[in-house]
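Next up: the structures, one after another.
Each of the next two complexes has chain A plus one other chain: chain B in the first, chain C in the second.
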Partner chain A sequence: MRNALKLVAVAVAAVVVAGTATAQSTADDIAKYREMIADGNPAELYEMQGEELWRTLRGPKKATLEKCDLGMGPGVVKGASARMPRYFKDTGMVQDLESRLLTCMETLQGIDPKLVIDGKFNSGERKTMDALVAYVVTHSKGDAIKVDMSNPKMKELYALGERAFYYRAGPMDFSCATCHGEDDKRIRLQDLPNLTTHKGAAAGWGSWPAYRVSNSQFWTMQHRLNDCFRQQRTAEPIYASEVTIALSVYMAAKANGGEVMTPGLKR
Partner chain B sequence: MANPMRIRAAAKEGVTEVRVLMSHVMETGQRKDSSGALIPAHFITELTAKHNDKVVLSAQFGASVSTNPYLAFKFNGGAKGDKVTVSWVDNKGDSRSDEVQVS
Partner chain C sequence: MKMKLIVPLALAAVFAVPVHAASSDELDMKAREMMKDSFKETGIAKKHRMLQLDFQEACSQAKLPPTAVMKQIEAEQMKTIKWPSDGKYYGDWKEGEKIAISGRGLTWRDKADAENGGGCYNCHQLSHNEISYGTIGPSLLEYGKLRGNSDEMVKYTWGKLWNAKAYNACSNMPRNGDAEILTEQQIKHLMAYLFDPESPVNKR
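Up next, the complex of A and B:
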């Protein structure tokens, strides 16, 4: 909260300095501010924890995640998240990073996925998940987004994701497209990427998961999507449920070829 | 025990730049939790940075510093392989010290 206030102060100062500031120069100043804070992204602290958790014996089976197959072979983390969501033969499902990590935690360590699925954000096993995600996504930074859409299941989920994206719901009759379907939209001072275009999807999908300066929290994509539903004032989705993965497939496919900038740093 | 810091130190033309990312809640003592009770203050009060055994920076921190603070500073001297140590103490008496080699 106090961080949010500080940011408002920065933003107000930027507007005052610019006098009759146009929307463009305000955006430039925000970009400058982002550049200034980009050097010390606290997501690195989560990454360090995640790296340790990856190698820690945990769960009833007292095992590490070092044999976890994220689609590049057991234990390969480099480049794995740039290629997710993807279809996994062993589970017969399309999985995003979080749902795949749940599979690994269950099969290798014997940890009940319900602890995460029914948990609360920023606590317990979901917090563990945050750190693991930070660790994995850091190892795709700079790679190109490369999601393989050839599997029919991927196409199926893409279609479902597209429907969910345009599906209006809640007391305000909002869909994702209401905010993310046009260029140059903003909520307060945050630019909203137009996720229906390659450029916008690459900017959005490519920079989440991210550390949020305004609340000092690291947010995974599941957390990000959950909050989109909350802002839509509609029922929040079940963690790692099909609709969340479908929306991820939709965004990732649109973003294909863009740069992975994770972990991002957000206001 | 507090979580580790991430420290990077790089020497260039006789000046060493140190960048430190600390893991700390930095509670001001003025916030309330969901039940309305005050969250007790918990923040770093003192920070010391050493080049080998010589103190190059000593700072007093307070409640106005953000969660997970980031600190960057430069000092004269320092060469590849030298040791840089950063330590902090908070108002609850908790402390943390990490060291890194200058690259």
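Up next, the complex of A and C:
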């Protein structure tokens, strides 16, 4: 299975490269790739690992995550990520999927969140996080994005997220809006969703976390945001920090009613 | 350029328990705190990058600032433009092409002494030959051929490359010269790329 998927990934890379010979956008190439692998997505490997990790005794407390409450009750994974970020009474905080998983890992398994927060993408506990995220988000695929905005904390984070979205800073004066504030724009051949509209937010928010063909990696939303801030030339956002949650609330609220397409498949 | 000093608002954070919906001013303060506290320094990407210049702050909303504010920003930005020290506006278009293609530089993975690219192709169509171009900015195909090389056009273009905000306060285009993204010599190469009749921008 692993090999077969690797082969497909190579074939796709070829499609994507060949595609640059015409002035069409990357989206067309990705569409071709999707057809090639029918309804398979290399993210399945991460999902399988994640399912196993969910049930594995880990951490100083030698416990599983089977009692983890993602907002739908202990252990319920189905539909959970479609409703996140959300306000959690027990922590008194709005949490996205990744920060909530950190809470579960800490309280149930005794794993120090710092291992993820101060870690590196694609290694150690962040790699564990990738797999867990892939597992959880697959169980909302096809659902409607359904983020409950009635809680005052959610409203506040939306307002903060909107401010973060337009916040220009750094040597290039960029904000998220520079690249994601208008319809039908691209950088090179990469289409940029207009995240200030329902349509664009549903397409962008609704298709992450995703498997990235160009580097054969599964990226969570925290990873996606980190790389956009890198391109924005800001300082580095701290993993699961307030700004990442606020931007997630902003995008998810705009996307409300759209379709969850996770795990997505991307360039 | 002058950095805006952001006063720590620790008190506000302590008292702003959300028993009531926060006012717009309170949210502005919280957002500023958030933009300070949510980031860390990595490599060359220092934390002070999260502070805003005055015009950056004025241009940080969905709406453009009022015309008068825009005019004032443009006048201030105009003063930052350095004209070529030897009076020569053009370098080598072949070098210019490399700079236009490269989008490298200034991220937390880049080295301090690395030469930055202009990233022009991220946002603009330029040459007849390069079809992988972005659309955040207008097409600059046949720039020199279409606009000619009057003193006025040459000076405008130099100024635009040095500091795009001098002509449009909230432009999406970076201030290549003013923010020290590109050197004077690199901007000369880009000028040649835009204006030289032999450059693939103008010659099919």
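Worth a mention:
Keep this in mind: the second predicted complex is superposed on the first by the 228 of 267 C-alpha atoms of A that agree within 3 Å, B and C clash if a C-alpha of one lies under 4 Å from a C-alpha of the other, contacts with A are read in each partner's own complex, and residues count from 1 in each chain.
FYI, a residue touches a chain if its C-beta (ideal position, glycine included) is under 8 Å from a C-beta of that chain, and two chains touch if they have at least 3 such contacts.
These numbers were taken from a predicted model, which means no experiment stands behind them.
By the touch criterion defined above, A:196 lies against chain C but remains apart from chain B after alignment on the C-alpha atoms of chain A. In the superposed model, A:90 makes contact with neither chain B nor chain C.
Of the two partner chains placed by superposition, only chain B is touched by A:44; chain C is not. In the superposed model, A:246 lies in contact with chain C only, and not with chain B. Between chain B and chain C, C contacts the larger number of chain A residues. Residue contacts after overlaying the shared chain place A:216 against chain B, while chain C stays out of touching range. Once the two complexes are overlaid on chain A, none of the chain A residues touched by chain B in the first is touched by chain C in the second. Considering their complex, residues 20-23, 152-153, 155-156, 159-160, 163-164, 166-175, 177-179, 181-182, 184-189, 192, 196, 230-231, 233-238, 241-244, 246 of chain A touch chain C. Residues of chain C that touch chain A in their complex: 18, 21-22, 27-28, 30-31, 34-35, 37-42, 45-47, 49-53, 56-57, 59-62, 106-109, 121-123, 131-136, 165, 172, 174-175, 179-181.
Against chain B, in their complex, chain A makes its touches with residues 1-3, 6, 37, 39-40, 42, 44-45, 48-49, 213, 216. Against chain A, the residues of chain B that register as touching in their complex are 3-4, 6, 19, 21, 23, 28, 31, 66-68, 70, 72.
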